[in-house]
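Note that the chains are named A, B and C in the order they appear, and that numbering of residues resets to 1 at the start of each chain.
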Amino acid sequence: MSKKSENPVCLTVAELAQRLGCPFEGDGEKIIRGVASLESAGEGDLVFLAHPKFRPLFEQAEASAAIVSLEEKQGKIPYLRSKTPNLTFLKAIRIFFQPYLPESGIHPKAVVAESAKIGKDVSVGAYSVVGKEVEIGDGTIIFPHVDIYPYAKIGTGCILHSQVTVREGCILGNRVFLQNGAVIGADGFGYARKGDGTHVKIPQMGTVILEDDVEVGANTTIDKAAMDKTIIRRGTKIDNLVQIAHSVEIGENTIVISQAGIAGSSKIGKNVIIAGQAGIPDHVQIGDNSIIAAQAGVIGSLPAGSKVAGSPHMKNKEYWRMWANVKKIPELIKEIKKLKSK
Amino acid sequence: MSKKSENPVCLTVAELAQRLGCPFEGDGEKIIRGVASLESAGEGDLVFLAHPKFRPLFEQAEASAAIVSLEEKQGKIPYLRSKTPNLTFLKAIRIFFQPYLPESGIHPKAVVAESAKIGKDVSVGAYSVVGKEVEIGDGTIIFPHVDIYPYAKIGTGCILHSQVTVREGCILGNRVFLQNGAVIGADGFGYARKGDGTHVKIPQMGTVILEDDVEVGANTTIDKAAMDKTIIRRGTKIDNLVQIAHSVEIGENTIVISQAGIAGSSKIGKNVIIAGQAGIPDHVQIGDNSIIAAQAGVIGSLPAGSKVAGSPHMKNKEYWRMWANVKKIPELIKEIKKLKSK
Amino acid sequence: MSKKSENPVCLTVAELAQRLGCPFEGDGEKIIRGVASLESAGEGDLVFLAHPKFRPLFEQAEASAAIVSLEEKQGKIPYLRSKTPNLTFLKAIRIFFQPYLPESGIHPKAVVAESAKIGKDVSVGAYSVVGKEVEIGDGTIIFPHVDIYPYAKIGTGCILHSQVTVREGCILGNRVFLQNGAVIGADGFGYARKGDGTHVKIPQMGTVILEDDVEVGANTTIDKAAMDKTIIRRGTKIDNLVQIAHSVEIGENTIVISQAGIAGSSKIGKNVIIAGQAGIPDHVQIGDNSIIAAQAGVIGSLPAGSKVAGSPHMKNKEYWRMWANVKKIPELIKEIKKLKSK
């Protein structure tokens, strides 16, 4: 565990089952002190069976209790039963594990502008800088070394880890989590080319809006819009080292995996999955519920429900059929030779 | 707008036309208070028609005036006419919009070495660290949380945003802009392999030189040379999350788009465009005016004026012809079957 | 050189040969003051001939002495002879060049928790933050603007450059070097999807372990494990802007080049090379001594000694044969036409 818990939780199987709202079977007096993976579980640990393919590991796990599906046959250790073992296990994690968070209060070595409005139970870490007219909502935690430029607005219950920057005028909703080094609102990459070949910077006047429950990974960059706003809608989760260019719009509950990039002004729908290292060009629209495979290079707009792979992108099925076809070329060469010899 | 302007600018159409050096037509007394996109413009806003394809949007825009080409037919709102509407609009942006910049002066909570030479009207933000014998030219702005290692030299009129690092001995020209989190001069990735399989670090002795008017995006990394210098020449613009390895040289006015990577010792010409997520290997030369498509994987040197795409790269035309050919394979299979059956 | 050396070293060729343990020939009294590349060498510089292909450059170099192989014919300048000129030159670099490092001591403007245990001769730079119960071994150097979260343990002789974060409970061995902006231990990207399409964050309980002699590049991100640990084994070197997801394990002496990404729970062997911009999916195993080409998109586990390229990956040979075959398609089309016309 990443934290030496100061108030370790200790529950019997029966108490735990009650807190999770689950039926259980087996020894209800067994003591549970934590959750663990199948590989590392020991005495006092709770595990779960996520998928039948993990059964070999599961059967060797030295755990004291397990969360299983309603259908699972009875085992040697106490079982807590759930229709959704993964979500119930998630609840159990929250009972036993609290991530490290600093205490609330403004560190004496933070610089907070007089005109900033700071809510209740806010933590501002050592050496963080909060600019003028910034607003920070109740319960938000700003770790050390965070830079919040003037006029930014940050909602309630947010967590901003060290080395994060939120640029001037950017707006974060509630429960927005920014991992270390994320940059929200740097200047978009906009230049006008002059006759002599030099590039003149187009001032980037816009902002970034991250709606409620957005999470942004470490060292990810989300640029401010050229004129209006770059907007990431409610519940969207963005991994590490992702690039989101100026004036992009991403719908609700979309997933953007590490090192993917989205170029300027493109509009991504809701419930989309953009896998790792994929690229979306500028000024396109990706429809709701689309899935873009890892390393895909999208070359145009996609209707809702698209599943594409490859660079340039193809529909998933066409992509794999194409590779199968390519592998047939040597055979074709032989066939043609045969035909010619006749 | 990302900043609540403290001195909002307010001009009549006639005054604005004069400042932009443009003829105008329509109501010269109309008041203009800002610039806006076609989508968001309202009363008091100036817009521009960049390209005929935006005419539908343009005609619905609720702006008070517009910059248009010399040929454009007269409209309902006042028109300012220009041979280069985009460059004239850029001038207009500069009249109405000032990006947020901190006041000059050294913040009492910055650490500046005694031996550092700081020019006039320099701003050094809270918690920034300026090492010994560093030189900073007039009018340069160092935001908070910037780290300038000893012996670095920074020209006049530069802007270094928060969380930037400039390593020991690196040299920045004038008007160099570094977005947040950019790392200039980290150690290049150089190791010698010993007989036992371990890697010995080759000390990286060189520096990075960023010439005048270079801009570097957020969280981009430009490594110091192994022995001499990594050099980015005048006017080159580099986007976010780009990797530029040790001893690379990039010519003037080149554009490197987000998440592209250039491996060690390669030499890129001037006026080159390297699109997003493209990769350039080590020790190659890319000629002037070349265009490398997004996600291209270059595998060797390229003469001036090359246009390549794909991984491994091909000439643009060959690349698209190749994909057309690949799509013909199923047809070829059918044809061969027919021929065989005869 | 990136540092104005305060104690410049000055040796005769004979003295240098003795320190390097090399035979030499030519003027043993010549003065050597530094090492240089073939391109930039001048009076007083030592160079080396790495490979016969550099002979034209070598012969024009204006150096005062050179390290060459045992077989090299005698030249005009003094030669020091070595079986491994590159490793001997590396030794020479270490004699003449010392990278910039701050003095030891805790800067008065660092914040170090009372419960932190700090070894001897440790340097903690201005504005760095060392959390509670952190341990830092002897001789370790923490540059300014580094954030070490509580419960982290850092070994002896490590170097952590500015803007680095080491998150709660992460463990670094001895001689671990972190370049600027590296993030060790940010939350892994783990969510459970609920029936309504929203994503619930899975608390990331694990840590990161970087064993002895690991080096991590600028702005690279290595996420903490979901439950156990992400582990990078002894001697592995990781370049800039690399993504290593939660619960990944990398063996000894592996090389991961810039912008490569490794998805969750994958296990990479020892002595592997993962080239730039390559992607490894989640839950796969890459065997020892494998080589993954630049931009490769691996789609499954690989046995030891694999050499793969392309996306989706193929064996190296198959990959290049495949491209050769694809180029034959136009010819096949012609052949079929001919056959048909008969």
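In this text, a contact is a pair of C-beta atoms (placed from the backbone, for glycine too) under 8 Å apart; a residue touches a chain by one contact, two chains touch by 3 or more.
Since the structure is predicted, the reported quantities are computational estimates derived from the model, not experimental observations.
For the pair chain A and chain B, the CA-based superposition corresponds to a rotation of 120 degrees in steps of 5.
Residues touching across the chain B-chain C interface largely differ between the two copies, under half of the numbers being common to both.
Centroids built from CA atoms put chain C at 27 Å from chain B. Counting only residues that touch two or more partner chains, chain B has 127, 145, 163, 181, 219, 241, 259, 277, 295, 311, 326, 329, 332, 336, 339. Against chain A, in their complex, chain C makes its touches with residues 111, 127, 129, 133, 145, 147, 149-151, 163, 165, 167-170, 181, 183, 185-187, 189, 191-192, 194, 197-207, 219, 221, 223-224, 226-228, 241, 243, 245, 259, 261, 263, 277, 279, 281, 295, 297, 311-312, 322, 325-326, 328-329, 332, 335-336, 339.
The touching residues of chain A, counted against chain C in their complex, run 1-4, 35-37, 39-40, 86-87, 90, 93-94, 97, 99-100, 109, 125-127, 143-145, 161-163, 177, 179-181, 213, 215, 217-219, 235, 237, 239-241, 252-253, 255, 257-259, 270-271, 276-277, 294-295, 311, 323, 326-327, 329-330, 332-333, 336, 339-340.
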